[in-house]
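Chains: A, B, C and D, in written order; residue numbering restarts at 1 for each.
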C-alpha cells in the first residue's frame, strides 16, 4: 500500500509543479530595482496590482476587468490579487507582495475588506514606498494627507446618498405611501450603516411610508431570500416595497417575491450588477445605483501610475481630491439600457482628468 | 495479532525492536517531512517568483504566519487530547474587540486581561464538554456562535479602532529592523508551552488522554483537568492571537479572526499531528502554519489565476498531508 | 487503519483448568468503555421534544408564527438545508466528517446554471443538466471518498481540500459573469406551488424519501451503519469497507448537487456562494437530530428533526424581533443545550467523549 | 473412517523471540466435535487465527477436504468452508440481527445493491432455526444479552453452509467463558445439532466441558500437539497433567511466601456498598492480606472493585481506609489515597500502547519523579531502571513503546506503576493474569506475594478459582450482587474449589 501511494504522490507532485509553472501567467517582470523617489519611475518598471475580495461576483470581476483594460492601455499587466473576503489574507497578501523587490514603483488599487483593514494596508504600503489608492472602506480619522506621500487618494461613494436615491425611487414607485421592509448589509461596515441612514432620511421626508421591519442579510443573496420569505409571511400584503443595501440582496428579494407569487412590489438595490440592470429592464426591480466598477478598477491604477511616473505630483493634489466621493448614477427603467454594456472611456484616465468624477470631500 | 493471545510476541505491525537502517531512515524522513514539504514548496514557488526567497520576503511571511501560528499551537493541545476547538477564530475576534476597547485604559498591559478572559472562555467550554459530556465539536461549534454574538454586542457590531496604537507597537514591529516581534512572540509561546509539555507531566498527560483515555483515567490521571486545561490553553492562545491581530490591523472587529479557524486546523494536520489525538507536537504545527501561510499568500503572488488558486491550495494541502501524516501512529481514520 | 489482526484486540484468554467462573469482558457493565444502548431513542425523543417546545413557545409569542403561511415559509426555507443534511448524514453515519459542502454546492450551482437555458452559454439541457449537476456533486463526493480511503488521510482534511477545489471550479465557471437561469422549468421549482408548497419543497421531500430508501434498502446505506458502528468487524465480515465508504461520500455529494440545483432555482442565477453557511448548519442539524459524530447512530429522518429545529428557530427569532446578532448567539447555545439535554440521562456512565 | 474435512500439517508460526506454532498437525473429520485445549501460550489462538486467515503461517499446510489452501482473511476462509465464532464478539451493535448474520454475504437478500428485508429476515430466520434459536431477526443487536449474541454469532457462522458444497467447519473459540450454566447447556445442545450439518472445533480452557462435548481432544503445548485423547478414557485430572506438562502444585503459586496477617490492622472496611450491580456489600481487608472475590457472571464482583476505585458510580455505603473515611469519587482521588487498580482489559484500559515503558510506568505516581512541577528525567530513568531490573521486565530500553512488549511484560509494567508508591495501601487486581503465559503468571503471583508481605492490602478478582484460592487469605463469595459467605483459605489448608463453587451458583 505504502509504495504505490508514495509513487502516485510523486507523480501528482510533479504534475502539479508543472501546472503551477504553466498556469502562472507569463509576466517575468525583470524587476530592475528602480530608484524610486516619488514619481521618477520609468513606465516599464511599474508594477500594477489590483486587489479585490474575489472574482466570484460580477461587480468585482468588472472592477478587475477595468483595471486590465487600463493596464493594457499603458502597455503593462495588472496583477490580480483576491482574498476571498478574508481580512487576514488580504493583509498577508499585501505585505507579501510588498516584500518583493522594486516595490517603490508598485501601484496598488485596493478594495479593503472593511474599514479596519485600511490602516494596516496603508501602513504596509507606506513602509514599502508603494503608490496606493484605496476605495470604499476607510475609517473617518485616517486620511491620505496626514503625512502619506504615496497614498494618492481614497475614493468612495456617498452611501447615505445612494441609500437615499434608491429609497426615493422606491417611494415614488409606491406612489408615496405604504410599507417597506429593509434588508441591511453586514452591520459592522460603514457602507451598510450609511446606506441605511439614507433610507431613514428618505423616510423622514415621507411620513406616510412605514418601515415595517429591518433585518440583516449580510449582503448575501441566499440569506436575503430566506429573510425576505420570513418577513413576507410576517407582514403579508402590507409590504409595498423592499429596500436592499445591495443588488445581490435585492435580487434575492425578487426571487422570494416571485416564489411567494407576489407582484407589484418594488425592489431597489445598489451596485448596478448586470443582473440587476437586466431585472430593471424587465421590470422586476425598480432602481439601483451604479458606482461604475470598471471605472473604479481603472482609476485607482491610473492615479498611481500618474503619480509614479511623476505626471501627477501627489503633494499638489488638494485634500478634497485625496479623499472624495465619486459620482454615482441612479439607474431605473428609463436609463437601464445605457448601463447594460458599460464601456470605459480612456480619456477619463488621462493624468489631467483623474479627479473629474469627484463630487466633493468625504464628510 | 494481539499480544494477549500470543505471549512474548511483539506486534509485528509495530516498530520492530532493532530497526534496520532503511526503516529508521524512513521514520526520520516522516518526522521531518513537514520541513521538507515547506522547503520544496518554497523552492517551487520561488521558481516562478524569485522574490519569494529574499530575506525580506521570508521574514514577512513568518510575520504573517505569527497569529495563525499562535492559534494553531493552542488548538494543537486540544487536538492532542483527542478533541477539537472550533471556537478559536471567533474567540480571537472577541479578543480583538476586548483589546481595542481596553487599550485606552490599560495601554499595552491589555494583553494580560484579554488572554485571561479568553483562557476562561476556553475553560468554560472545556468544563461544559466534560460536565455535560457533549462532544467538543459541538460545544465549540456553539461557542463559535456565542463568542461572535458577544463580540458583536460588545463592539456595537462595528469596528473598534485603536487610536493609541503605540501601546501595541511591541506586537507588530521589527526587532533590529529585521526580526518580526510577532514571530518572536509566537515562538516564545511555542517554547514556553513546549517546555511545559516537555518538562512537566502535562505533556504526557495530554498524550495519554489522546492515545487512550480509559487507560489514562484508570491510572488516576487528572483526565478532566487535563482536557479543561487544554481548552484553557487553546482559549489563551486565541486571546493572544487576537491581540496580535489588533496590533497589525490597528483595530478590533467582531469578525476579525473568524477566517483563521480552518487554516489553523489545516496547519495542525499538515504539521503531522494526528487529528485523532495523542501523536504530534507543537513544533510540527509551527512548520504547518508556515506551509499554510505560504500557500495562502504565495499562490496568488506567483500569479496563479484566482480560479485556480483554491484548487491548487486544496490539492497541495492534501498532498502535503498525505506525505506528512504518520500513518503508523493513527489507529482509525475517520 | 487497523489491520484485521487487531480487529479483536480485547481477546482475553483465560487459561488454566477451572470450574465455570469469571465474567467476560463484555458482560453487563463489565466493559469500562461504555457503549450507549438505546440512546438513539432518547436522543430522538429529546430533539422532537425540543422542536415541539420551540414551536409552542414561538406560537405563544407571535401570532404570525402560527399562521399557515408561516408553516409554508418554514418548510420552503428548510428545503435546501434538508437536502444537504440528508447527504451529510451518510458521511456522519460512517463516523467521518464532510467540510466540502459549500465548495461542492458552489461548483454545482454554477454548473447547473450554465447547463440549463441561461444568459451565458447557449445550452438548454433542462432535466439533463440537472442530472449532470447531481452527477458532478457525486463526483466531488467520490473524490473526497477516494482521497480519504486510498491516501488514508482523515476526512476532516480531505474534505477541506475538496472544499477549496470546489470553490476554485466555481470561480473558474463563473469567470466574471453570473449566469442567469432562463429555463422556465427550473425557475418554476422556486415559484410554482403544488398544494401550497413550492416545487422545491416537494423535491426536498422526494430527496428525503430517496435518502431514507438508500439508508434503509441499499448496501451503501446499511454498510454505512455497519462501518460507523464497528468498522473492524465490518471488515472482518468481508465488507469492502473502503469501497462503501467512498460510495457513501458519493451519495452525499449527489445530494449536495441536488441542493445546489434547488438553491440555484431559488436564487435565479448561478451563485458561487450559494452554499454559504450551509456546512456547519447541516452538521449542527444532523447532530441535534441524533446523527452523532461518532458514526452509526441516527439517520436521515432523525437529521430532519434537527433541520426543522434550526429552521423554526431562525424563523421564530426573526418573527419575534430578536436582534440578528443575538440570533447567532442563541443558535449556538441551543445546539449545545439540545445535545447536552439528550445525553444528560446517561452522562454519568464512564465513556470517552471526544 | 471418512476423510478429514480439515487437516493441518506442520503448521509453524514464529514471532520475534517466540515460536507460537511449532509444526502443529491435527485433523477434523466430518460431523465430529474436536476439542482443543491448552494453556495460554500453547498456540490455540494463533492456530485459530491461521485457520481463518488472520495470521499467515510461516510453514505448513492447511487442507480443506484434501485441498491445500492459503487463507487470505475471514471472508475467504468462509468461502472455503471455515467459520469462526469469535470469543470477542464480532457483531455490529447498531445493526439488526438479520443484517449481522448475513453481513458481507447477503446472497438473495440483496439484489443489485437493494435490500429485500423480507428475504433477509427469512434467510436469517433459517440460520437461527438451524440452531433452534428464537431470537427475533429484526431486533437490534445491542438490545440482546451476551448469550443471545453468542447464538447470533453461531447462526452467522452457519451461513457458510450455503456458500460451499459440502459441510463447513465451525471453530468455537472459548464459547462458554461468559455464559451462565443453563446457557452453556443450551449451547451444548446446539453443538449436538450442529454436528449433524458441520464439523466443530471446540476450544476451551474448561476441561470438564471439553470432555463432555468432544469426540476427540487434542492437547496443545508450546505450539505442538502433545496428545490426542479419547474423552471417554480420561478424566479432568489426567488432562490437567498433560496440559501443564509437569506436576502442578504449590511452587507455581509461591505458597511458601504467603504470610499470616491475622494480627494486622484492618486496612479497608466496606460497609453496605451499593452500585447498579451490587447491593449492600460489606467486607474487610487487613493490611498484608490478599482477599479474593469470587462470583459468577452477574454476581456484581466487578462492580464492587470498580466502585472502590471510583471507576463506576456507587449509590451508597461507607468505606474506610485505615479507619479514615474514604470517599468514592474518581480514580484520581482513589490513587491519591494510596489505592491502585490493575484493569482486566490491559490493552485498552491498562497501558497506553504507543507511549514508552518509562512513561507508562511512572504515570500514576509521576510526583515521584518530579521536583515541584518539573519532571526529573534522570531520576525517572533511575527509578524505571530499578523496577525494570527488579521485576525482570524484558524491554530493549525504557523508551521503547510499551505496545511492542509481550503481554506479561506489559502487565509487569502496570504492576510496577503501583508498586513504585511506597505508601500503596490497597491494590485492586482485576484479572491480573488474563492472557499471560505460565511463566509470566508465576512472576505475577510472586509480585502479589511480595506486595502483601510488604503490608499492602490486595483485593483480587481471578479467572480461575484455583488461582484465587492459592493466592488469597480469604475469599469473599458473591452472588446476585450480594455477599453470600466468606471462606478462609489459609496457607496449608486451602479448601477445594468445589466448596466455593457451590456457594457461587
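Note that a residue touches a chain if its C-beta (ideal position, glycine included) is under 8 Å from a C-beta of that chain, and two chains touch if they have at least 3 such contacts.
This structure is a prediction, so every number in the text was calculated from the model and none was measured.
Participant: Strictly by the touch rule at the top, which chains does chain A share as contacts with chain B?
Facilitator: Common contact partners of chain A and chain B, which must touch each of the two, are C.
Participant: With contacts defined as at the top, give the pair, B-C or A-C, that has more of them.
Facilitator: The comparison resolves to B-C.
Participant: Among the chains, which one keeps its Cα centre farthest from the Cα centre of chain C?
Facilitator: D
Participant: How far is the middle of chain A from the middle of chain D, if each middle is the mean of its Cα atoms, in Å?
Facilitator: Chain A and chain D have C-alpha centres separated by 70 Å.
Participant: Go ahead and note the Å separation of the Cα centroids belonging to chain B and chain C.
Facilitator: 27
Participant: Can you work out the whole-Å distance between the CA centroids of chain A and chain C?
Facilitator: Inter-chain centre distance comes to 35 Å.
Participant: Using Cα averages as centroids, what's the distance between chain C and chain D in whole Å?
Facilitator: Measuring from centre to centre gives 41 Å for this pair.
Participant: Residue numbers in chain C touching 2 or more other chains?
Facilitator: Residues 5, 8-13, 32-33, 151-152, 171, 174-175, 325, 350.
Participant: Would you pick out the residues of chain A that each touch at least 2 other chains?
Facilitator: 5, 9, 54-55, 187
Participant: What parts of chain D, by residue number, touch at least two of the other chains?
Facilitator: Residue numbers touching two or more other chains: 40-41, 45, 49, 54-55, 311, 343, 345, 347-349, 434-436.
Participant: Going by the touch rule stated at the top, which chains touch which?
Facilitator: Inter-chain contacts occur between A-B, A-C, B-C, B-D, C-D.
Participant: Within their complex, state which residues of chain A touch chain C.
Facilitator: Touching chain C: residues 1, 5, 9, 54-58, 61-62, 64-65, 187, 215-216, 220-223, 225-227, 229-234, 236, 251-252, 254-255, 258-259, 261, 273-275, 278 of chain A.
Participant: Under the stated contact criterion, what part of chain D meets chain B in this complex?
Facilitator: These residues of chain D touch chain B: 15-18, 20, 40-41, 45-46, 49, 54-55, 309, 311, 330-332, 334-336, 341, 343, 345-355, 359, 363-364, 366, 370, 373-375, 396, 400-401, 403-408, 410, 417, 434-437, 440.
Participant: Can you list the residues on chain D that touch chain C in the complex?
Facilitator: Touch list, chain D to chain C: 39-41, 44-45, 49, 54-55, 73-75, 78, 86-95, 99, 103-106, 110, 113-115, 117, 142-143, 146, 174, 176-178, 181, 184, 205-208, 236, 239-240, 243, 276-277, 294-299, 301-303, 306, 311-313, 343-345, 347-349, 431, 434-436, 462-467, 497-498, 501, 504.
Participant: Touching chain B in the complex: which residues of chain A?
Facilitator: 2, 5, 9, 12-13, 16-17, 19-21, 23-25, 27, 31, 54-55, 79-82, 84-89, 91-93, 95-101, 114-117, 119-120, 123, 139, 141, 187-188, 193
Participant: For chain B, which residues count as touching chain C in their complex?
Facilitator: Touch residues, chain B against chain C: 1-2, 4-5, 13, 82-84, 128-129, 132-139, 141-146, 148-150, 152-153, 157, 213-214, 217-218, 262, 265-266, 269, 275-277, 305-315, 317-318, 321-322, 325, 327, 330-334.
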